[in-house]
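All remarks here apply to the structure that follows.
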């Protein structure tokens, strides 16, 4: 046979496409475009509302960071071809477990947190095992867990403490090393110095007069960044990442070629549970209480962030960076509407419209990538 | 070629299967078994609680009928391969529209109802058009509408009346013919006679002393029965029913053979919206007010009923009778737990467990039918 | 074959682009009533894409389709079916979860009137399905068996039987024999022959030169989105055809080591 | 072919039932190293089912599998792959949304160590993929093209190239040539020939007698879940083989009207 | 002896304020030696609640204690229950007039609009001119009434001063912060219960407005009591939910056993809880207070 390399290099059946356009079309393009649009709009309409002051930035960063934490888990799971409707209930459940262990039972907070992680990871694995063993759609299985976990989250504290909010975790977590990993702040020294040299504003009145308005980076944001980076590397740069894509693209085909699809899916369900528990722990440590209604509808918010970020609901396609941008868009829009003073009940309408707009944009981009019609 | 008919009649490659077993395995078998189990359990544990008294029966029949109305729509839509998360928001929205038209704007109730149906059917069609035109998953599109419709349902009455509940519809609907079709009762004469001959209890005091406690069959139940029958006939006995199966089974293949898949799907979205509006209208006519929180989570309840009834979440398989039985199970369990005096926060736990149990049973049955492994 | 007849279908300079991919770069073809027109060519040559423009699945990017002399603009497969074009696709149009008879009549459901209402006539459908499948040499367990439980070849046979049963003026078969056993293949070829003799035009895509020569009246070879020309039966030897199909490449070395034409 | 060798695989009285369907009713077979064993038979004869029990996809209902003399109990395809069995399935194991090179190395990802971590070596994967595909005579636009945009034949070539590249002691090909053009078919047959000469055992399923005769050393014919026996190359004429494959039915009438063996 | 009473609320399962109610009814049940049950629509859908009242009546209790959060929806089922011989007491939401109309024995509770109005008057006296109402339960009519009453008490338009905060604490916290930094001239914050008060406290802590901005809240909870103690919260309006649950059981039991009935409705609130006299409140906050 003649050397076919030459043939490869130019094929008359391909219309030329500029390398600029080539570089542009990637799963996260929709997220990037969306982020630019959103920031441009709010800079235009809400720049004088304090949204881009240091406190404002911290404000929407925290909201976005929360979304990011659960979006990373949901994103990898969705790429692996499943999704998890029990994320919200899991958040409520995990918080309640930590509260019961540390306040009611009086365990040290770090033990309470570790035991809770063990429990939620087990539940995540159970979700996964049921899905892969029975072949049922994860929608149904995790919907069942949505109800079961929420039911227990309401039932347990009532049975034990006769209330559905358990407080006092802040006192219990005082000086606890693991508590600080979730609820603390870092770089406080730096920010106080920023405040001293006038780089950021200081409080002009109230109990904390003279202190900088932002006194550190909450661990919540650190967790979000770390999870996004790890998720991105695992997905794109490792063999396991290839398995995630394969399991979501076509589980049967992946199984035929020896990818341990069941293991991949179960691990992803566990990772989603892990992210939900990180979310819950950060929240409990920040607010010092756990309530039975925590996390309501968070599963949808995670899925929305992921989908805005360009992932395919049916699996096999997506990007963690995209999901993180989706979470950022979500957080900025939600808070931005408040800064801009838009009637707050219209937030839902905006959310729906953004979601629609984002998925349509993403579909267009994906078609350009895969060349489908 | 030799006549191949003989060959067909007995094939050595098929293990014999009793005709009894053959007759048993049908999509609704899971629903039938579930219904029997549920009734047996409650007859055992809650028979002295008034659950099977005339008022008790009416109570769970009404709840089941409500579920049935939305389950029929969700069932046909699911068999056609899509689903609709905006059902709950649609219920709230439709009720609110009727209230605004008839109370705030003072239109005759029948006009208010007809205009509302026109609006919701248009929204249903819009849902469908977006889904088929863009090829986006209906999960996402209808999730967007879940937020958009709920947002408007909260926003409009606040804008107009500064509250989130609009009452006074009962007065407006007094003597309205279309109002009675949704909110009336039939067979009242028969029930009064039942009361007179002592077949059912009568009120012991108050303004209705001597009247039977159940004074007729609410139109809600009639609507449920009619919708189930029509849905069943259309699905199994008409060409359109074949198209519904085909569209859900494999839209591409159906399109190739000339099935108007897009039209089928859009019509099914409209039918789902129709069912949601019937639900809302019955509710508004019965209770006389529309609130912004009506219908919350009803989309899940509809999907759960359909899935308990044996339909396949991925489309192409299911039965309306099954969905109706699923709704019956759902309603009886929900109200039955109240009758049995079970701690109400555990209701969700039960719901989750029943859902899991039902789908596993159904999967087993479906595998027997299709012979998959 | 009657070349003096007016052609049933005329495809004129059909081009089809998918995004940046040029699948067809101007292919022309005529199909006459009562002829079996074989479409041959390498993998990826564009055969499936070409017949999909004929059956209304794809809209051509450029070019014109004349059906019975009139320009046709198929918006969807339904239009082509209504015009009288029946197609068996390479990726079969079958719904695995539905029964064989429901699949068979999908889109062409037989109905029975009861009062003002029309109902699907299941009995008739079951009966016809059993008969047609038996004619193709496949014995079914029953017409209500789910298609998903059939083997690949059995499914293909259902698809062909369906197209033949509703077969209109033009029957398009996209590699119908590729998954078939010898007996089924013979049946399909015999069916093509029978259909052609009834005056129906057939477009038959295959990679198998022998199958093509067995039933073909004319042969058009596609290569990389372009046509290499059309030959009459008898004007071309099997070896020439084979050479054309392989894109004119030298296969001598390979063939030698494997003992003759493959 | 070395019949005096110990067989690589021995399948003993394999039966497989799906619910009420009996797909295999006790099929036995031996495959020796370095031989190409052709598995032939009608549609629905059970060929795909049979090789799936060999490659760990299905667990046989009854029967025993010996691999290199030891009883094997494959729980999942991974086990078979690890034991050295590479398979190209009839329904290809390809992920349409993933790039060709990611598909190529799916389940066998090449890794590069960076400190304590192992990363997917994309560069190496891309390079190998391009090379292997070129060897099969397919020129790709680029290794990061999505598999979903390839034609059916192109996809099949990727699947075969993958199996050959990781090709272990036994290579199973389920109708690999059915969707292929002449050139690609020749390539595949040449590849089988090459692989066999390296001492690897090949199980080759086809409906095409000529393809079977071109490379096969032994021929086993399945019919309705049972084996009709195994023949050596040279012990059987093409016509006899054809007769066996069609289940012993008389095809004379048909063949006559269509001009010879189809 | 062994009478059965069912309390039906309109609250979704997860609403923590209703604990006190559950505890109150349980305690009364124990003390009076009667059987008590608590029922609520899981999602807070009032139409579902109507069905629950019908169900409760069908199960043949001696009495039903229920909220009347929407007269239109609930009047029918309650009247039917009364007519079939079940005694009803209205608690928490609704008004004394509506209770009389449906044929209930009495009304125990705090009319929401009036409570809001009283709070508004008090805040006006303290010099408040603008406020932010953090509504965590926008779809419930009674929460809107509280905000509306407060605005009317102050004598200002409600307008955009009520926000739909959602129920997630982080969202509430961040939304309050966002509103306050966009509208820094806001004089006062009004929250409608622990769900919105707790995160609001944290929000004010973080943006340095704690103790500086006027802060009033409905309903008590652990953190609210701490806030009052610390001076961050100026006052809490206590409607004493414990009494709303406890009293109807006691009243009905005695009515059924001995035929005695108080001659008037009982207003369990509004009582303003301030820094003074917090000890018991603190001890039992969230449980009986």
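So that you can tell them apart, the chains are marked A, B, C, D and E in the order they are listed, and the count of residues begins at 1 in each.
In this text, a contact is a pair of C-beta atoms (placed from the backbone, for glycine too) under 8 Å apart; a residue touches a chain by one contact, two chains touch by 3 or more.
For reference, the UniProt names are A, B = Xylose transport system permease protein XylH; C, D = ABC transporter ATP-binding protein.
Note that the coordinates shown come from a computational prediction; the quantities given were computed from them, not determined experimentally.
Enquirer: Look at the interfaces A-E and A-D and say which one is made up of more C-beta pairs in contact.
Expert: Result: the pair with more contacts is A-E.
Enquirer: Where the centre means the average of the CA atoms, what chain is farthest from chain D?
Expert: Between chain D and every other chain, the largest centroid distance is to E.
Enquirer: Name the chain whose C-alpha centroid is farthest from the C-alpha centroid of chain C.
Expert: The most distant chain relative to chain C turns out to be E.
Enquirer: Could you state the distance in Å from the CA-based centre of chain B to that of chain C?
Expert: For chain B versus chain C, the centre distance works out to 44 Å.
Enquirer: Please work out the Cα centroid separation of chain B and chain D, and write it as a whole number of Å.
Expert: The mean C-alpha positions of chain B and chain D differ by 50 Å.
Enquirer: Can you give the whole-Å distance between the Cα centres of chain D and chain E?
Expert: Distance between chain centres, rounded to whole Å: 72 Å.
Enquirer: Multi-chain contacts in chain A: which residues touch at least two other chains?
Expert: As it turns out, chain A has residues touching two or more other chains at 14, 150, 154, 158, 343, 345, 347, 371-372.
Enquirer: Spell out, as numbers or ranges, the residues of chain C touching 2 or more other chains.
Expert: Residue numbers touching two or more other chains: 18, 21, 149.
Enquirer: Multi-chain contacts only, two chains or more: what residues does chain E have there?
Expert: Residues 13, 138, 164 of chain E each touch two or more of the other chains.
Enquirer: What does chain D use to touch chain C in their complex?
Expert: 18, 21, 41-45, 48, 90-91, 138, 149-154, 156-157, 175, 178-187, 189-190, 193, 207-211, 213-215, 242, 245-247, 249, 251, 254-255, 257-262
Enquirer: Per the contact definition, I'd like the list of chain E residues that touch chain A in the complex.
Expert: Residues of chain E touching chain A: 12-16, 18-19, 22-23, 138, 160, 163-165, 167-171, 173-175, 177-179, 181-184, 194-195, 198-199, 202, 205, 207-212, 221-223, 286-287.
Enquirer: Sort out for me which residues of chain B touch chain A in the complex.
Expert: Going through chain B, the ones touching chain A are 130, 134-137, 139-141, 143-148, 150-152, 154-155, 158, 300, 303-304, 307, 313-314, 343, 345-353, 355-356, 359-360, 363.
Enquirer: Using the touch rule from the top, collect the residues of chain A that touch chain E in their complex.
Expert: Those residues of chain A that touch chain E are 46, 49-51, 53, 55-56, 59-60, 62-63, 66, 92, 150, 153-154, 158, 162-165, 167-168, 203, 205-209, 211, 213, 283, 286-289, 291-296, 298, 334-335, 338-341, 343-345, 347.
Enquirer: Can you list the residues on chain E that touch chain B in the complex?
Expert: 13, 37-40, 42-47, 50-52, 54-60, 70-73, 76, 79-80, 82-85, 103, 138-141, 144-145, 148, 158, 164
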